[in-house]
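The next block holds one structure in the form of structure tokens; read it before the comments.
Per-chain numbering from 1; labels A, B, C and D assigned in written order.
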Amino acid sequence: MPILEIAAKFGTYAVMAVILIFALGVVTFRNLFHCALCLAAALIGTAVIYVVLQAEYLAAIQILLYVGAVVTLIIFAIMLTEHLAGKTARQNNSQSLLAIVGLLGFVTLLATLILKTPWPVTPTALQAKNSVMGLGKALMGTYVFPFEVISIILIAALIGTVVIAKKDAPEEPL
Amino acid sequence: MIRSWEFYVDMIFVTAKAWILSLLGRFLPDWIVVLASITISGVVILCLGPVIMMYLTLLERKVIGRIQNRYGPNRVGKWGLLQPIADGIKMFTKEDIVPANADKIVHLLAPIVIVVPALMIFLVVPFGERMTAVNLNIGLLFFIAVSSVTILPIFMGSWASRNKYSLLGGMRTAAQMISYEIPMTLAVVPAIMMSQSLSTNTIVLAQTGDFDLHWFIFTPWGIVGFIIFFLCATAECNRPPFDLPEAESELVAGFHTEYSGMKFALFYMAEYMNAFTLCGIAATLFLGGWQGPFLPSWLWFFGKTFLLICVMIWFRGTFPRFRVDHLMGFAWKFLLPLTLINILLTALWQFTSNLTAWLWSILILGISLWILVKLNRTFVPEKRHYPLES
Amino acid sequence: MIVLPLSHILIFSLVLFAIGVYGALVRRNIIGILISIELMLNAANINLIAFSKYTSLSPETGQIFALFVIAIAATAAAVGLAIVLALYRVRKTVQADEVNLLKW
Amino acid sequence: MTSDQIILVPLLPFLAFAANILAGRWLKNRAAWLSVATSSVACVIALPICWAVFQGAHFAHQGTWLMLGTVPLKFGYLMDPLSATLLFMVTIVGTLIQIYAAGYMHGDPRYSRFFAYVSLFMSAMLTLVVSDNYLLFFMAWEIMGLCSYLLIGFYFEKDSAANASLKAFLTTRIGDVGFLLGFLTLFAALGTLNFSEMNTLMAGAHGSHATLNTGLLTLAALLIFCGTIGKSAQFPLHVWLPDAMEGPTPVSALIHAATMVAAGVFLVARSFTLFMAVPNILPIVTAIGTITAFMAAFIALTQNDIKRILAYSTISQLGYMVTAMGLSGLGAGTFHLITHAFFKALLFLGAGSVIHGTHVQDIREMGGLFKKMPHTAVTFIIASLALSGVPPLSGFWSKDEILLSAFGAGNFLVFGILLLTALMTAFYMFRLIFLTFFGAARNAKVHAHESPALMTGPLWCLAVGSIVIGIPGSPFMHHWFQKFIAHMVHYPEYEPSGLVMACSIAVAILGITLAGVMYLKQKHWAAAVAKNFPLFYRLSFNKFYFDEFYAAYVVKPFNALGHVLFGFDETVIDGAVNGTGRNTLFLSEIKNWIDQYIVDGAVNFMGTAVYFLNSFVKRIQTGFVQNYLLIVFLVLVAFLILELKLA
């Protein structure tokens, strides 16, 4: 069914374009809340790209963790600090021009590199079907040590966050 | 192969779809048939969602009415059956009010976006044998991920309204939904462990047995998991007694204070569709989904789901609202440890599942419940001070 | 199955990364910087998954590292936002260029 | 039968000590039961082992503790007749006294602290009893000294108690230093501290004196005997024991009557072969013991404080034991130690009961208590009869043995003094009894009542003990005990003599009768005697002026010397130091000027120069994070370009 395949391919490119547009929105919108919403949209789009790359599990995790947790967290922070980010405040600092020039150089350099490099793409790998079970086994087998380290980091971050964000409440008798 | 008439009743919808597709395949190219297959499922779900929502409102009003010793709507049509349609017309024709200071685009987007995840969850609900719209191998994870997105449009609505009640409601919603998402996800884990799959279909199939009654709820961890899941589901769709985000006595109407007309209807619809899908998933995970003796599979599924919805309505008619700190404490200090213990119990169950395992499970659960209840005992301060601002 | 050329995906993620860098460089609001950093991490994730998909590595490797990146990103966001809130409480500002205690 | 569980005997009270000292606040009244329970269990463990030793068994075990050069220092336990006897006595008497103390100390704010100390004491005492060498013995000995100090000063709010504890500690310290030097000398002479090894060496030495350094050994024996003098309150270091009565009465009973003070006598018994082996030491021991026995009894005649009378009585009886040792009567001395422990503990507990019931200590304010405190009175009288040496109570048999030792040795001077002491003993004890329990109540303010069963129970147990404990050493069991002790060390034994027994009974009855006449019938006699013999009366009443003597000739010279040294320190040494200081100050002012204008000038110039240069460089530190980030990024791009150009 070549028609469907071509349509899907163009669909994918379209999704990429949409992601880039939203990403531009993230860095250019004056209103931070809109930025956060654009970020959410870009992240959901990225999840679609993951599905295209046959990483469905990761797509679901992306939505669950990024959209469900990180963006929510960011929006929380925006709301708590919101009234300072009024519309009159300047949103960009003075180094944007220099940054754009540097970035253009960076992108052109790396893009030429990417296009020049003969990537060792193996057709067999493209056919390989990965399963959630294999992922789980790898996580609990080969990568069990990094996995545990990550969990320790998460706990440390949790405690650290609570400690940092906690108000120094006056001592109250219990 | 000769099949009994029950099979055909069971497969009535599946057969209908296959018949339509084969009919189209006669004179159209293959890719259109594929598109058509997707379209049929999509259209069915797109219709099913609103219809279910409409009649859920009627059901709720009727049941609540009976609980409160009155009749409920009974004027429009026989037994008030046309009442939802009348309501719909009213909603469509109402004036759409947008506050002057509102962030207009986001204000418009929020009710539209909130319907999307609500509808998307329908994709992985197994309505009957072979009646899952998209049989994803990560179906359950898909459900969890998509339902977590629901927070976002609520935030959008609350923020865009530029109303302090809306904002407070939105903040409360976010806190509540994030908190209850964690025990809900963990409550699902035992079912995944036992069926060794994330696919909703496989989970249902793992509950086959004599008379199709080998449901997960008939195990100790199943009961606990089901109760936790159901409580969290009630909290997730902001229904009483967890309806802090839209507590009308405190916050007018929470995040949708500034919505009217069709936009409000969309919020309303999303809420009811969420209630339905959550009950459906609960039935799938713990009540054997479409499994059951004698009756056709889809009937079993809808029966179980509506039973659970009736329980939710019953909650609404019975329980008073939580206090905010109790609400959060309940999720973090009670449900979360209990789910972890439940997961441990399931792991034990995988090695032995006999009478001794039952006794052990009940012992462990009893002790941990007792400890948790002891630890969670709160006390009310003798006198509270509400300093008046001058 | 959809097969795109690997280089297209890489260029896409490169551009995404560059946009993130731009945001991190020019945004005044610290929360904005954090958002941009999330974008950058996201672009890196796309690369990880693409490589593990297209090369002869086992398909799990890239996904697991992407998973770790997501976990780290979540912690970074949590800790970063906590710091922002603490900063806001102390200095009443969330603009990066107004926080210059370490100036000469 | 293995005997390694003997290690538990000292260990259990130690655990009770640890628990009470760490968790005393939480234990509260349970502290007493912890202590009582551990010493009861220790008793239950110890008794079968003692029984086995009584049957003729012998246990010893040792392990290497540390190496002194090439000489291994070993430690372990030794269960021979001597230690079994002591173990038997200490565990039983200790447990009973602790039970009593649970009642006596009830309601004290430092209740658990008290039992912690008592448990520590029990632990140390039991270690001392079962130890098999001088070093371990000495460590336990020192811990006992510490416990004694702590418990005498238990009511440290009272100045008198605090001073008494200090006095006891310092006085016994003199003896302890002697003991330490003594066994170190012994180590130098013999190369061992182990009792068994020492005994073997000494037994060999009987044949040929040439192999051992007699001079060193004599010095060692003398110094070790110093320990005895200190611990057992012998003349001239006896002054601490009467003052030690400031402690709680159970402590007086346990430490200052039954066990710790007996440790000094036990030390002599342990070193008996040494004392036997060197010449000229036994007469000194005899002399000290006799003087102590007589002097203390003489002082006791006129004292009025119930506990002080008992304290002097204790000193006197300890003198008896030491005399017995000096007369080579190892069996007699040990026998008297055991019997004395029982009846003297009983006497102290009875006195405690009286004090508990009346809240006064002066016997002149008591009187007629027999009706009000029948249990206390009866047990007290039993103990007094035992102490006075009335047959067939235990005291009679043991005292008779000592008298027999003196008589048999032909030392009639000592025999006479001891008989006189026995007479005085009977007299002052019954003076005490008649004044306390009989006659009319002399102070109307005293409302006496009987003590609770928790206190009278141990009294009765000890009373039974006081009656029967003398049997094993009596002719009824053919002097089994003396023979049993003689298994260990050979010493001269004498045939029982009817004459000695008759004398002993006669003086006891004479003393009792005299006391009865003087304090019940002819009450004016006492005053008349005091008036007619003023010298003796004053000597006795003022305790031979020992305390005054020490204050004038020991404490004052030391203070004067201290003052002289202080003056020297103040004028000469401080003056020198201050002079040096002034000179230094002057020099440093010069240096200060140099420092300020020359050195600092140079430093400040450097600083200014750096500051000036830095005002250009510091501009790159903007304190603006994104600026740094941008620089990093641009440099990265530059490096990329460079790398690609090169490639």
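As a working rule, a contact is a pair of C-beta atoms (placed from the backbone, for glycine too) under 8 Å apart; a residue touches a chain by one contact, two chains touch by 3 or more.
Nothing here was measured: the structure is a model prediction, and the numbers come from that model.
A count of C-beta contacts for the chain pairs A-D and A-B puts A-B on top. Placing every chain at the mean of its C-alpha atoms, the farthest one from subunit B is found to be D. Centroid to centroid, with C-alpha atoms defining each point, subunit A and subunit D lie 80 Å apart. A straight line joining the Cα centres of subunit B and subunit C is 33 Å long.
Rounded to a whole number, the gap between the C-alpha centres of subunit A and subunit B is 28 angstrom. Across the assembly, subunit C contributes 21, 25-27, 96-97 as residues in contact with two or more other chains.
Residue positions of subunit B with contacts to 2 or more other chains are absent.
With touch defined as above, residues shared between interfaces to two or more other chains in subunit D number as follows: 626, 630, 633. Because contacts link the chains in a way that matches no line, ring, star or complete pattern, their graph is best described as other. Chain pairs that touch one another, listed by label: A-B, A-C, A-D, C-D. Interface of subunit A with subunit C (complex): residues 5, 8-9, 12-13, 16, 19-20, 23-24, 26-27, 32, 35-36, 39, 42-43, 46, 49-50, 52-55, 57-58, 61-62, 65-66, 69-70, 73-74, 76-78, 80-81, 84-85, 89-93, 95-96, 99-100, 103, 106-107, 110-111, 114-115, 117, 119-122, 124-126, 128, 130, 134-135, 138-139, 143, 146, 150, 153-154, 157-158, 160-162, 164-165, 167. If you check the complex, the residues on subunit C that touch subunit A are 1-4, 6-12, 14-16, 18-23, 25-29, 31-32, 34-36, 38-39, 42, 45-46, 49-50, 53-61, 63-64, 66-68, 70-75, 77-79, 81-86, 88-89, 92-97. For subunit A in complex with subunit B, the residues that touch the partner chain are 1, 3-4, 31, 33-34, 37, 40, 44, 56-57, 59-61, 63-64, 67-69, 71-72, 75-76, 79, 131-133. Across the complex, subunit D meets subunit A through its residues 626-627, 630, 633-634, 636-637, 640-641, 644.
Within the complex formed with subunit D, the residues of subunit C that make contact are 21, 24-27, 33, 96-97, 99-104.
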